[in-house]
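In what comes next, subunit A is part of two complexes: it sits with subunit B in the first one and with subunit C in the second one.
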Partner chain A sequence: MYPSPFTYHRPASVEAAVALLAEFGDDAAPYAGGTELLLAMKMGFAQYDHLIDLKRLPTLRTIANEGEFLSIGALATHAEIAADPTVRDLLPPLAALCGEVANPRVRSSGTIGGNLCFAEPRADPPALLAGLDATLILRSTSGERAVPAASFITGALETVRAADELLVRIDILLSERRVRYERIVFGHRTVAGAVAALGAPGQPERIWVGGVATCPAPLPLTQSLLDAEPGAADARLHDAVTQDIAALDIADDEEASADYRRHLAATVALRAIAGCREELQR
Partner chain B sequence: MTASLDLTFTLNGDAKTARVAPNTLLIDFLREACQLRGTKRSCDMQICGACTVLVDDRPVSSCTTLAADIDGAVVTTIEGLGGPDGLDPVQQAFLDHNALQCGFCTPGFILSVKALLHANPAPSHEEIVEHLNGNLCRCTGYHKIIDAVESLVRP
Partner chain C sequence: MPPDVPTTGNERLDKVTGRAVFASDITVPGMAHGRILRSPLPHAKIVKMDCTAALALEGVVAILSGEDLADLAQPYWGLYFNDRPVIAHEKVRYVGEPVALVVAETPAVAQAALDRIDIDYTPLPFIDNAGDAIAPDAPRLHGNLEAIADFYFKGQARPVSGTNIYQLYAISTGDTAAAEAEAARVFEHTYTFPGIAHYAMEPHCVTAAFEGDRLTVWSGAQSPTAVQKVLSRVFGLAYANVQVIVPHIGGGFGGKASVKIDPLVAAASWKAGRPVRVALTQEEAMLTCRRLGASITLTTAVDANGIILSKRAAILLDGGAYADTGPAVTVKAANRVIGPYAIKNLEIESRAAYTNTVPGSAFRSIGGPQAVWATESQMDEIAAALEIDPVDFRHRNLLPRGGKVLDSLRPLDADISEMMGHAGQAITSMGDRPAAGVAVAATDPGVLPLGGALVRLLADGSVLVMANSADIGQGVRDVLRNVAAKTLNQDPAAIRVAGPDTATTPFDWGTGASRSTVIIGLAVEDAAQDAREQLLALAASALEIPLDGVQLVPGGVATGSETIPFDRLFHTAFGIDSGEIVGRAMVTPSRKGSDFATSPLFWETAVGACDIALDEDTGALAVTRFAGVADIGHAINPAGAEGQEEGAAIQGLGHALYEHLAFIDGQPVNATPIGYRIPAAGDVPHAARTVLIENADGPGPMGAKGMGEGGLLPVAPAIANALARRYGIRLRDLPMTPEKIWRALRERDSDVP
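And then the complex of A and B:
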């Protein structure tokens, strides 16, 4: 299988990349790791007249501790994030997740930005970043805008990113919250993932699930219960999680029935909460 | 902007140049233009690992990488490791442990192990198993492959 022919662009700067996106719009795709893009093009699901190679823009891969937040360039690969001392120190669950998604080849080419922009419903980082109150910075020729990770993905393979926008970085709020991400994998992809970010005074509790519906979703009843009663008994937590997950739009698919996936989603959500609570008690 | 692309790279130790169409995949470039057939195409979706090659010592699935990506890079395929008169230690370990039968997956496994040992010269047993999770073998049942890698790390 070959990707259909395209014109290849290798911009020398982020400004030049954004200018190409402004010129070609829908007819162009940024080429990051290519682990999803080339697959989709080979299979004929996607076709673009222009590919804009981002791989040679080192400023897009910077990872930095900015004090209030951890800033991760969109082009940072899973492997780079997993190995980065700053991420390992400030956000171990993100480093750990990036070190175990997919396989070593996909981790060494695939980028965090490509993962978010592709918006595959089974992806892990979208839910984790939403639960961490991360902000995505999108850039076009008219400037930058910030979009909360919580509202970036709107459906399967759909985001609020306009065709002329480049995701340049992800800013993750650093907080005292304990963070846990739990997932269950069948074969090569996640069937249910959940993040809990809990226990920072004055900050709302966050529980999100991913990999179950078409896009990541918060568990609002569970969050309110934990906001009101951080020590809520397990039985009440179980009820709240079950009710929240029952309200999600989850379909049967070839991997799991909707009921089974609901069960898995509740399981990972409860595990993530229990993991955070254990850490808080230490 | 380019309709065809000029590449300068190092392939198995030799400096090379080539001109490719932008939609050329690395696997086709290696197998067809360079006539290096040790790199195998199988699943075509980055799961099986048979097409693994090293680009600047990183493992990549050549089935889902553009040839454009090797411009300026150092590429190693199985042909770049040892030959009959002097095997690479990883090849020798596979031979010594009967870590192959039909051999189709072997180039990918060996390059995958090279990448692991380059990044992490002393992986734990769990790290070896996790790393090789990304390569499929339908003959050996994996134990012999893992034993071969273990023999390099904990002789």
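And then the complex of A and C:
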């Protein structure tokens, strides 16, 4: 109901923000839209002595076409990404997803960075960004480092981000691949999501699923099959996807049983592949 | 020149502009705030409670706990049994039961103090479902309790001594064994229904202020006089000294009926010597009460022509830790499982048992959704087995208007066949395919005909209607305003309907059981008629003209030659242009002109029909078209009536597809707004129709019947029937989640040879 008491900081620069993180470490949390953080604190799931409000750091919300990359500031909200002409132009599936997640209230304050750093197993962007070979740029007082989206999340609510690091932006490799993200949502929760990024000569095919296991996962057999045989028949695809998903660590929970979740994951993965292939045919 | 008619403002405008005062908005000078420490265990002995550290926290005023109960006049209370302590006493019986209430200067301090209370429990064996509760060696939650008679509902509970069963109710007519022996087919199926949270938008909120031997309570209460009665017992106060004031309520659905947290909050004020406000969170509201879960086995015998010969029903309800109004739910589930069908031979046994879970309580159509879920699902199962169209099968067995569900009950006052026709038409008017699933219901509201009203005509022509009906969002004040306006021939805009205040508004049993339009509607009509007669008599004598020479017109009286505003009339009669006319009425079981001797006073009927779309890959189901039909006699407030039907249907959609207050090992697993799913705007069918049948044949004003609950009833079985008909799967366990649907589809496909 009430969060435990905390000190509120509003740094005026990214330097000041990372300095505060360096000072307080584990006792501090960056505060972006607060849509996850404040809820977790109010419900008593999380306690921090210091909140470092990022909202006054406009450089963290820029979205730019950097030629090779589409660069999205960590503080860009879902609504901003959904409405951004550059994203809509270069990566329509990301814009579409950001226009659909959650509800208007959450979209207008929840940020892409907050979504990634919270690492909620049911989140959509982590799998999509992993499938797009995105890179996350983390910054601390000792400088910046780049982490592939594919290895950023390590478990439920766990990432490789150190307590003194700020996620500043996400660089998404621009490629010729066709991208399709499919998800199944019950109520306000995604129960399975999958991205297929296919069909760019010389680039590996990517199929990732999210929302089913504790963190997003690639489907390696399916990827290799498509790498070797872009036109692989449906039955073989189905087998590969099913095998890949059987290898994932998926547990029963009060929302869905593991076998059902596996089925849903396979369903969305096949839908994403089919959607991508359709686009490639056009 | 016609008199100026004053206007009294519009509550809907107040609500949309945020000006309307809800229970949660009340503040009282000197008020402190309470937060509740709740039991983490389903069943345990409290062996130690140490509040020293909590009391030492700055800003903490007092802590109420079980130790304080010894000083109360009546520390245990209830509606059928005094089974519930004001706050846990020596024992806890469910996860979430209040064990300590900290009163502090701010809610945050009260909350912080909760962590400093040191409690040791010794766990006791617990039961978290009704099946286990009735096992011979089940642990007992309560000792043998004495039933209190005619306390809130008429009658008394019949517990089974030495068991957890707090209510056993049976109906037996004819000879089911003989009927089954001669039947062409006998069908037996079991249907299950989960506990469901009320999920009112505004969680429970009560502010209580003790001053000596006077107690004032502001509460979002549907039954203010029941709150008054229980509080007077608990604290040993005169009814006249217990004032319960009810502002607007942000949704109730029965979750705020009878009595809920009022004794607890009043006790906190009593202990603290300060006014205390306790506003629950939605999580806490979900730990306060819920609909009773049920398991219902139906054994139905039919002849070769598809005529039902007999029906047996075994109903077992999960009552939770305290009986609350569960005994009434048990009775109604039995009556409501029969359906509007002509069945000569009936054998119904309905039982409710205590379990170590959130207390079960009244919820929109008590016992109805559980019973109708079973009966209307089975109707289609039988029709399918007999290869009869399900609508046709119902037609063969439906009672006609005037037919009797049970001999002891009033004859049916609606034509269900005709209503089914309307539902079918409404569905085809919205799309090509006929309805995929249909269900019907007729329920017997437990309407106690006891409630009064005052209608005060003031000198400027504005009118105050004083009645104890709570505005829970259903629009009752619009209904009462329209009734008074019509009877007094005044502009509705001149009429203000005051909210319940037991110190100023006459007794009423409460807002529930679809009764306010009928009972308080009649009380207002009678009181307005009384005011009218007084006014006309006053006018005739003051103006020295015959009684039949005056009539009421908006703002005054007309004599034929002229129109005299009320203030001038009062001036002539009383010497100054002040004063008022007080019309009063009390509706009782013997009201003149009403037949209140047999129950129910009216039947609440409903037909629902739907079409659905299913994603067979995932099991995700959407209701694409829905039609609801209700016979409500007369719609006094048409927009409100339609809103009630539609709201009920949407709540029914939640029951059908999403909602289940789940417990694992006695622990609630989804009792949070994050874990618990209710229907959202996007889930509502895009094509929906409500048909209201109005034959002005009800017992209420202008022939109105009560309404507002029935629309919930047909939704779940209509959807289940649609799934069976269109997709060949039969679900018997609610809610019909995508996973359950997917499993049924898989089973269907593996059965195919």
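Just so it is clear, the second predicted complex is superposed on the first by the 282 of 282 C-alpha atoms of A that agree within 3 Å, B and C clash if a C-alpha of one lies under 4 Å from a C-alpha of the other, contacts with A are read in each partner's own complex, and residues count from 1 in each chain.
Definition applied: a contact is a pair of C-beta atoms (placed from the backbone, for glycine too) under 8 Å apart; a residue touches a chain by one contact, two chains touch by 3 or more.
Everything numeric here is computed off the predicted structure, so don't read it as measured data.
Novice: Determine, for the superposed model, which of the two partners subunit B and subunit C contacts more residues of subunit A.
Specialist: Residues of subunit A touched, subunit B against subunit C: more for B.
Novice: Counting only touches as set out at the top, which of subunit B and subunit C does A:Pro204 meet: first, second, both, neither?
Specialist: In the superposition, A:Pro204 touches no partner, neither subunit B nor subunit C.
Novice: For A:Glu254, select first, second, both or neither according to whether it touches subunit B, subunit C, the two together, or no partner.
Specialist: Only subunit C is touched by A:Glu254; subunit B is not.
Novice: May I ask you to decide whether A:Gly155 touches subunit B, subunit C, both, or neither, giving the answer as first, second, both or neither?
Specialist: Neither partner.
Novice: Should A:Tyr2 be classified as contacting the first partner (subunit B), the second (subunit C), both, or neither?
Specialist: Touch status of A:Tyr2: both partners.
Novice: Touch test for A:Ile184: subunit B only (first), subunit C only (second), both, or neither?
Specialist: second
Novice: Could you tell me if A:Thr267 is touching subunit B, subunit C, both of them or neither one (first, second, both, neither)?
Specialist: Once the two structures are laid over each other on A, A:Thr267 reaches subunit C alone.
Novice: Now for A:Pro92: first (subunit B), second (subunit C), both, or neither, which partner does it touch?
Specialist: In the superposition, A:Pro92 contacts neither subunit B nor subunit C.
Novice: Go through subunit A and flag every residue that touches subunit B in one model and subunit C in the other.
Specialist: Shared contact residues on subunit A: 1-2, 39, 188.
Novice: Under the touch definition given earlier, write down the residues of subunit B that touch subunit A in their complex.
Specialist: Per the touch definition, subunit B meets subunit A at residues 1-3, 5, 21-23, 25, 28, 44-47, 49, 52, 58-61, 64-66, 68-69, 112, 115-116, 130-131, 133-135.
Novice: Of all residues in subunit C, which touch subunit A in the complex?
Specialist: 35, 107-108, 111-112, 281, 617-618, 620, 658, 662, 664, 669-670, 672, 674-675, 677, 680, 738-739, 742-743
Novice: Where on subunit A does subunit B make contact in their complex?
Specialist: 1-10, 31, 34-35, 38-39, 42, 51, 53, 55, 79, 100, 102-106, 108-109, 188
Novice: Would you tell me which residues of subunit A are touching subunit C in their complex?
Specialist: Within the complex, subunit A touches subunit C at residues 1-2, 39, 43, 184, 186-188, 254, 256-257, 260, 263-264, 267.
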